[in-house]
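Could you have a look at this structure, given as structure tokens, before my questions?
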């Protein structure tokens, strides 16, 4: 009953519809895309800086690579980073937040201090110094690094929520009936924060995509393959802007902005769904 | 007659439909009177007091009339109601301990509030001092931030603020629920004193705790599921309650001062009906030990003896 | 208040300590012999190679025990010795960075302050005005979701290439040398504007959303409700809500600094703007590891200082912290 109601509101929420629509669209492009193109992402497949045409839907780069093909394959990196990096960040944030919030005491102090320290260190700077020394970088290793650094705000939020749930009646009851801490967290506390966790995951997903794009852009992206950030870097380095190659310089960043905006839209949509106060009457 | 409420209907608009929180409620409050309003949580008593000061969505005015000193209140018109708020009708809210802006000194907040209502702070300053004394607060609290005061002190400060403009009607909403028994008594005494000194003309004291009403109320109104089910002077209603719900309420009270709400009413099986599309007839019928066929029709709130009204077919039947 | 500051300072000291330790540790954790890897990977000219090798032997002292190496690292750090830049050899890293800092501050401080102020005002204004909010909120979301460098590319393309109004590279024209003349200042401002604008716009969205949500939260708070019950005018209630909503926004500023720095890196790269961000790109491209590490340390120090300034401001504006009664403790 309650689940159906949630689904009912979720599907009727305009922001949710728009956001989900955009994300699914690009997801579909990523899946179907490779079958729509005859080229390899880094293959010199045509004349240099050709405008968009029938052969090259989004034109070609300085070297004659097909921009559409690069985007299709670059989307793959984007979604992987979002899922792995965002997922890992949420998971770590969850674990730290749950333990700190539920156990309290000295453990909480230590974890809180750790959270604060990782919060203060500029994420990107840390990413750079780690990524710079890795001789080989893949999309997954990049995602893992991002996930290991982006968790603090989730941990803070989860900690605060856990803290307030900890003293509720049903948790007391579980504790008195001799349930283990782990079991209480998993069976009693987490389900009560499910909506919240889902929203955190969406935000982390978007955050990881943005962080990866910046890393790629300053040359610390995957050493092989292609990503949207890498495309932007190449476009800037090879003077796509002064040369007026808008079809090369603009679409990659625009797609990132579209996907991340869509995720944020979904997030506010969910907020409205879960918090009836914000629901429109 | 200071206040007269006639057929008041206040509903909540939700996505699933209308919740009939206050449904066709009528009663009077006399000048100089303290009316106790009691019932389980969710019976509509807080909705009633809120609707008089802050009727805004999702709360919805569905009909009826409230007169104050002979003037009809424009309840549905949020702006027009501002004329009455504070000056004529004031509120000590349930959340009194958090009702003050945390980052303003209390004195400054009061000054800004008064100025915004066209009252000069300096003119009222002496009176303010006198009233602070009444509630055992030192004048120095004016220079403090709310977080520097204890919860009880904050509540008393709010009591002073709420009554500063001598309102005709003061609504006190569950203000004793969070206090221990001896503090409850002290607060109740202060309110009675406010009334005796004419700082407020009449007072509605909303609570789920009937026992406190013995100490403060002149008359008691019992609410159940959005309806007024019984009104009578305090002594009368405690000695000879007529409505089966009131009877159960009073008999389930073991001793004065014990809060029954902490358990669900021990003596009464079941729970109040949902107010989203409630069933027809008497709303208490499903839990009522003395129900009969007539209860499928809604009983009117009828005068059964002097100053004693009750909404129950058994009682109405006895008289007519 | 004392407790608040002690706690904050402890966090900053630990952070600094952690940052330096990471800086020391990471090259040593990487597979292989770091010195050979570094020199091998860097495209070094002969005379530079000597200097670098000499520095390595001093700073790394790999024959010494690890704790000794660690102590050496700290010692040279306090002497301001961060090594020699390979890309700009034989300039010391400290000097290279010091030269670029004014450009960073000149760009970042106005961008951060302007976006914070304008975003807060706008966000507060649009909150709870249904029509306006419906239009403006999606725009803020798009702003804040935009990668900094992409907006920079877009602005450079539109204003620099298509319209030709603004230059798109450097902090000032090559033909002109820095001085306090009007022509230089105008030239500088012209180069400054687009990078500033791209940083400003992206951040604006975030602040406006934050303020909007905080204001809504404050307007739902008990004290707002009570003011309303007493017939206080909307204006006064909003004024109170705004003031209280500012407090978390100040904390938010501290939390956002890291992200803003990242944005500045992307923007500077697009505009070849000679701040630390651009330097960092060069360092990465030339595999100039000392410079990368130096930039990392300076960014951390800068963020820590900014955090501290924000803490001081917070104490001034929030009476709860001032009186040692909680507020934001972490």
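Per-chain residue numbering starts at 1, and chain names A, B and C are given in the order in which the chains are listed.
Throughout what follows, contacts are C-beta pairs under 8 Å (C-beta built on N, C-alpha and C of every residue); 3 or more make two chains touch, one makes a residue touch a chain.
Please read these numbers as outputs of a predicted model, since none were measured by experiment.
> Going by average Cα coordinates, which chain is farthest removed from chain C?
Max centre-to-centre separation from chain C belongs to B.
> Taking contacts as defined above, which has more of them, B-C or A-C?
By the number of C-beta pairs in contact, the winner is A-C.
> Between chain A and chain B, what's the gap in Å when you average each chain's C-alpha atoms?
It comes to 51 Å between the two C-alpha centres.
> Quick one: chain B and chain C, Cα centre-to-centre, how many Å?
Comparing mean C-alpha positions, chain C is 54 Å from chain B.
> Centre to centre, by mean C-alpha position, how many angstrom separate chain A and chain C?
It comes to 21 Å between the two C-alpha centres.
> Hey, what residues on chain B touch two or more of the other chains?
In chain B, no residue touches two or more other chains.
> Sort out for me which residues of chain B touch chain C in the complex.
Interface residues on chain B, with respect to chain C: 53-54, 81-87, 90-91, 93, 95, 98-104, 112-113, 116-117, 145, 147-148, 158, 161-162.
> Where on chain C does chain B make contact in their complex?
221-223, 225-233, 235-236, 240, 243-244, 247, 318-320, 323, 325-326
> Could you list, by residue number, the parts of chain A that touch chain C in their complex?
Spelled out, the residues of chain A in touch with chain C are 112-113, 116-117, 119-126, 128-130, 132-135, 153, 156, 206, 210-211, 213-214, 217-220, 229, 232, 235-236, 241-242, 244, 246, 249-250, 252-254, 256-257, 260-261, 263-265, 268, 277-278.
> Touching chain A in the complex: which residues of chain C?
10-12, 14-15, 18-19, 22-23, 26-27, 29-32, 37, 137-138, 141-142, 144-151, 153-154, 156-157, 160-162, 168, 216, 220, 255, 257-259, 261-263, 265-266, 269-270, 277, 280-281, 284-285, 289, 292-293, 295-296, 299-300, 303-304, 307, 330
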